[in-house]
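In the two complexes below, chain A is the common chain; its partner is chain B in one and chain C in the other.
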Partner chain A sequence: MTGMEEIRQTFFEECAEQLDELETGLLAIQDGSADSETVNAVFRAVHSVKGGAGAFNLDTLVGFAHTFESVLDLVRSDRLETSEQVVSVLLRSSDVLADLVTAARDETAHNAAAVAEVSMALEALLGDTSSGSGSSAEDELDGLMGDFGFEPVQVSLDDLIGPQGDNRFRILFKPNRDLYARANESMVLIREVLSLGSGEVVCDMSRLPDLDALDSEEAYLSWGITLETNASRGAIEEIFEFVDEECELTIEDLNETEDEPASEDVDREVSELLAMLSAGASDGSNSDDDETDFDFASVGMGIETDPEPEEDFDEPGFAAPAAIETKHEPVAAPAARKPVEAEAGPKDAGEAGDDKKAGAPPSTTIRVDLERVDRLIDLVGELVIHQVMLSQSAQKAGINSSSEVILGFEDLEMLTRQIQDSVMAIRAQAVKSVFQKLPRLVREVCAATGKDVRLTTEGEYTEVDKTVIERLSDPLTHMIRNAIDHGIESPEDRIKAGKPPVGNICVSAAHRSGRIVIEISDDGAGIDRQRVRAIAVNKGLIPAGANLSDDEIDNLIFLPGFSTREKASELSGRGVGMDVVKRSIQALGGRVSISSQLGKGSTFVLSLPLTLAVLDGMIVSTGDNTLVLPLTAVLETLKPNSGDIREVLDGASVIRVRERFIPVIDVARQLGFTTTPSDAREGVIVLVESETGAGQALLFDAIQGQRQVVIKSLEANYGRIEGVSAATILGDGRVALILDVDALTTSNRLDAPSYNPFSVAAE
Partner chain B sequence: MNDHAQNDSHFKRELIAFRIADQEFCVDIKSVREIRGYVPATPLPKTPSYVAGVINLRGTVLPVMDLGLRMGLKAITPTPRSVIMVVKIGSQLFGLLVDAVSDIVSVTEEDIQVNPDVTNDRSRSFVSGLMALDQRMIAIIEASSILPEGLAEAA
Partner chain C sequence: MKTILTIDDSRTMREMLRRTLQDAGFGVIQAEDGVDGVEKLAGSQPNVIITDVNMPRMDGLTFIETVRKDPANRGIPILVLTTESDAEKKARAKNAGATGWIVKPFDPEKLVAAINRVAA
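== the complex of A and B ==
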């Protein structure tokens, strides 16, 4: 069954892509930047999910996707206008679809109430247009959509698509050998057909040859089925939908009665679908009404010019949509389709991500096991270390610096750096995958808070290491929540303040000097510094008389246990917010900063390293030990004047920096390298930023320089050591430990007498 | 090689013998990955005294134990003959610092005397057997028992 598991996994991977596509498309429709191709893409996405889900018997998912798809078909054929209400139902439907897919993947229960509610809204759209003509439906909708709780005209989908009363069909089903080769089973299909009603099956064995002429893999049998059913022709065609390439199928209506319009719709839908899925044969003529301006013609053209056989098309669930998209002429695609501009990210990545228009041919991307990539990265890391070691020993050997050896080493160095960069780029991913989750989040938070917020994203093709992406999602989610919950005012308050009722949140990403910078800005109320300060005093976070700069007040919101809301709201505001955000960003080697203007809004800036495999470090030494301090933690370095150092007790001391006393942490002693305290006057002080947001002073003997180092895990072969986050190998081949500043400063706080980072120095 | 060993009714174990101070020990050759010359280790903070530190083993950070201290004997004083034996215990790679590696010995199970009552209490917990070879007495160490406390269960 592992094979099945694999297919299942592939299905859910594909689902995730389809759902992304769906949401992107719907948002484009909402923006009004959509064209017919967008609508088609959205339709195909839902259809693919449905197709795949059918193969895994995910009935709830199939049922919902089907309803969703039917509504999208109305949109596609211009019989349902994409008014704001309709789009909001569609967006909610895509959320529900995503939930159902997740529930199916994790085999957990789904939220039945939400599914039912949205299904009802969808069916209302369906029922509405099928009962009235297109234009009047729109009017009715406005009235209906305000409240989802109306009574649906039609509840069952079968009622909608199938006329009541007995239909009689004669079905001729002639499978060819491919049908069996693809592990389909005629019996299952026939049984399915019979489940629609009652009927007779006759097997035609006339083509069956003599035994000696028999090809065991050929399909010789065909069947004739006479079916009496309540279902429509569409329902029958649907059963054969996945094998239509591999069989000859004729369905004859024996009643010869007029189909109702609704049934025709389904027929048309199916025939369109079949047309789309069946290779080059498809063109505009299959979609029988001319008002629909699908770009089938260009799709057809693209296919004709493509020399490759379209063998993937018979897997409707997966390959077909992608294949069709890639045949689309990039030039023909309107440039302004995407509201979001690719920025700063490497060009080819941007194009590859922009699936709808450019669509790099499928062969240009491969899926690779992450372990292999990581192994490669490790090896290249070692290559870099060895290259440095070699060139250092060449220099030590006194080789003339203009000699060929040294020049060769310089070339080698450049090459290894390039290899390292390229290898790192393999792990890089566009932040799009994180940004894509935000619109839904915003919708949900808005619904819960009764606020109206418009989210814009910029630079979603900016690339950063996969691990950073993975760990970026949570803090970003929290910050957006916070921005809506605490930042953006309610529509009434906004109007009072002379702002448009709809708030704006902009999330942007860009590369800046070797780091990725993510900005989250809102046009909300901004930080009320007086209040923040009062709360901090109230909660005992700062002494009442503390003299703080605006910047310092803003940063108070990152203190543990700080929450400006008097009443904790459901979404954010339990006081576990921003300090957690800050800590998780710092754990990634990043920083958070705020700038805020009262009444105008706030901007949070996250600055993160592009990778977690290397780190910019400050090389310091204490005694015989060489240590690496992450540069992100370093605020400043200073050589203390003897007057600034005050002894406290037991060899501990504090240093006065700009009228503030900061305890000095003797790193060598803290780590247990020595028991005798070193004299702070002889060493170097490095001011670091710690978890509490306050400055701490670390004492070392000397600073040796700054260097990019490759991070090596200590845990793989040894285990966690307090105060040390990892190790690295220096140019001389020796191992140096990378200090964990947070752990160093926290453990110090436990042994040292408690102190307040904001206490004013007494003169 | 394994097949051969199983076919042989007098199954021979191959052991690497090494010296700590004036005593001889050996470990199963199968647990030893390689033997390296001594290089100074970077000390690790807050670790037991027998953890000498970490060294760079071709890009891997390798913890090294002073087997002398670990056995409750005196610390190894590094000389040019000192070596680090790289052993794999479970999924963990470890370096064992010893005074010198003497030779490889092949013994049958009959040569090994189980449950010896010699040496000090500390080292006895690591020794699984004793054997006499010519005029020498060699103690067999179970590599899995010498991991630092608290890490052993991970192996």
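== the complex of A and C ==
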């Protein structure tokens, strides 16, 4: 990756952060909780995006950001009130800005119509305020530019480089004290001028007072420079760009005055030489001269070539040759670094320190490469495993359980757990990053559906693993869309139902017993169970006479292919329904459930693990193999009575659980550990929840216990195996496979029992 | 080697400055805002400071005023990063004690030229 590409990536990462900041700030402005710092932060966010975009020549983005920023500047300076309508334009602008950033990042086309529309709305806001004052913001800026006397100068670098050339200039440079107060240095400026070509410098020290009268911050010296250069006048002016108000500067093109008679040159040279000779007699008393008179005489090595027709120079004054190499002039430099003032230093420094403390608390975050964190998590995982192994070895060796060794191991175990928790907390992030995207989503869906919804979020600082957060975004987006599209009624219907026209959706996050629980509740129509049931029957998902509880009916909407809308809406779409949501949540080791009240609304509850690095597992064995079953998948375990097992064909069997027959999956056979069917009567049955929602029965030889295990990727270390999601290392050092319940139960229906997944393991 | 202290809350801008300056043979110290800048300045003696104006916690102008209060720092040239439309800001920056300015987005050659115009 080249340097520019890296910076580009940094830019877009930063844009994402700025856009979040922008949206958060605008929402705070909307609900009235914003203070002036919020408005500043919002302005800065747009300003930052604009600044970076400029560097990458993203003109559309820069243009839009500029207009946006101009409006925010009005808000910032209290010239524009944040009425509901204004905030709505600002929010739409932030959406457009986000789109433009995305388009720039992906190098795709942006929505030109939206940009144009929102730009016009912003321009209208700019127009509103300027009509009152009689001039537009741009005019004001132009005026200021004029006052400041700065105009950008285009200079080709070639112009600047030539050592000498056809142009000859005389530059008279008389700084005033402000120049030094702003840390400019005459020396540096003169050196820069000389770098344009070759030339002579003379210093006028005539205004220099006696030492006891010398004000160390005053500017007493001035300079005359004759320069031969290829560069233009503009190049010289550019050098003095920063100090044009803090000095008197005359740049005279000597070529334009070249045709002066040679005899005058000679006369003038003579008078200047005289001036030099009289220098010794001068006491500098003429330093009280008026400000405008440039008391200057030039005597230098190059003098014989200098045609100097101007009257400025015929007044004899104290002049001394000061070739730049002699570094004569720093006398005039302010005493900024002089020790005489240093006593004031500590006090001022202390004040600066206080200023710092008075501000916001210093940043307490660092950015760390994710790979490093993951490496650490990996190592701590190893540590936990080895600690368990060591403890077990100690026990096996018959060491007294009250001995210091065992007690030490107990402390060690506690410590390693704490280290593990702390390390995993590094990967944890607040769900805020996901919640932040929701307001925009709600706005968009509302605009598309003509509904009005107020979104509230709670517990946005609840933390969960970064990967969980990343994969949470899609299902959550989908659920919110569903809630607005299918849950919340149109404003008219809501009024008819005696509800306020604006619907409410609340998204909350909280930690509950080692998991994160996210609830999405709406005050919409709720689930019409009769209708859901009818549709499910209609689609053949359930038998017509099925005896289902309310809960079971509600959960029918998670079945693949279920859609309560006859007409697929543009937003929710057909096919990509709640079943997809459920599957992606399950893939994260999570669960989703729903509760609903007709006419009152629905609540979806997502329960997710806090981390993907460890897993609460049930340790089971079949034959010589130890396996881990994710606890989240386990519904119940049972020791079957022989009467409950029914043999079906090919050694397969079903088990009767509360008047329902559930197929028994012989895990050992399924995974290819053995080809002979196990006897279900000899083993234990674990009822698991599968993808389809229906129960499945897994058959094992025995359950060993429950334990938290460290997840090791099998794909990264070995290869993918159907029916296995990952692996772990047990206390005795052996590898145990973690079962992928969904894959196991699905392949049971599709594959022959002799299927051996291990034969297709990737190399 | 001349050292430049750059102060900008934008990571992108900090990175661009760092790269440009390092390519031009300068040493670079980075700070994220005025407060950070004051802190970093305390432990270093940069030849030039380049600061953004709009920043959280302490903006560029306050930073310059703070720096100029300390006589030991009065001689350090400070360049302000501005956009072309910030004419008013340039004037205010000068009043605060800024030495010069750099217009964003900057041309690397012009940036170096501006530094050479102020760095002793």
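As a convention for this text, the second predicted complex is superposed on the first by the 515 of 763 C-alpha atoms of A that agree within 3 Å, B and C clash if a C-alpha of one lies under 4 Å from a C-alpha of the other, contacts with A are read in each partner's own complex, and residues count from 1 in each chain.
Definition applied: a contact is a pair of C-beta atoms (placed from the backbone, for glycine too) under 8 Å apart; a residue touches a chain by one contact, two chains touch by 3 or more.
What you see is a predicted model; the values in this text were computed from it and never measured.
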| item | value |
| --- | --- |
| Which of chain B and chain C A:R734 touches, first, second, both or neither | first |
| Which superposed partner A:E519 touches (first chain B, second chain C, both, neither) | neither |
| Contacts of A:E444 with chain B and chain C, given as first, second, both or neither | neither |
| Which superposed partner A:E81 touches (first chain B, second chain C, both, neither) | neither |
| Broader residue contact with chain A after superposition on the shared chain, chain B or chain C | C |
| First, second, both or neither for A:S713, with chain B first and chain C second | first |
| Which superposed partner A:D31 touches (first chain B, second chain C, both, neither) | neither |
| Partner chain(s) touched by A:E722 [first = chain B, second = chain C, both, neither] | first |
| Interface residues, chain B side, partner chain A - complex | 40-47, 53-56, 58-63, 92-94, 150-151, 154 |
| Sites on chain A touched by chain C in the complex | 3, 6-7, 10-11, 13-14, 37, 40-41, 43-44, 47-48, 50-52, 54-55, 66, 141, 144-145, 147-148, 150, 152, 157, 160, 181-185, 187-189, 192, 238-239, 241-242, 245, 333-334, 336-337, 341-342, 344-345, 348-349, 351-353, 355-356, 359-360, 362-363 |
| Chain A - residues contacting chain B, complex | 378-379, 381-382, 385, 625-626, 671-673, 712-714, 716-719, 721-724, 727, 729, 733-737 |
| Residue ranges of chain C touching chain A (in the complex, touch as defined) | 9-13, 15-16, 19, 32, 35-36, 38-39, 42, 54-58, 62, 66-67, 69-72, 74-78, 83-85, 87-88, 90-91, 94, 97-101, 103-106, 109, 113-114, 116-120 |
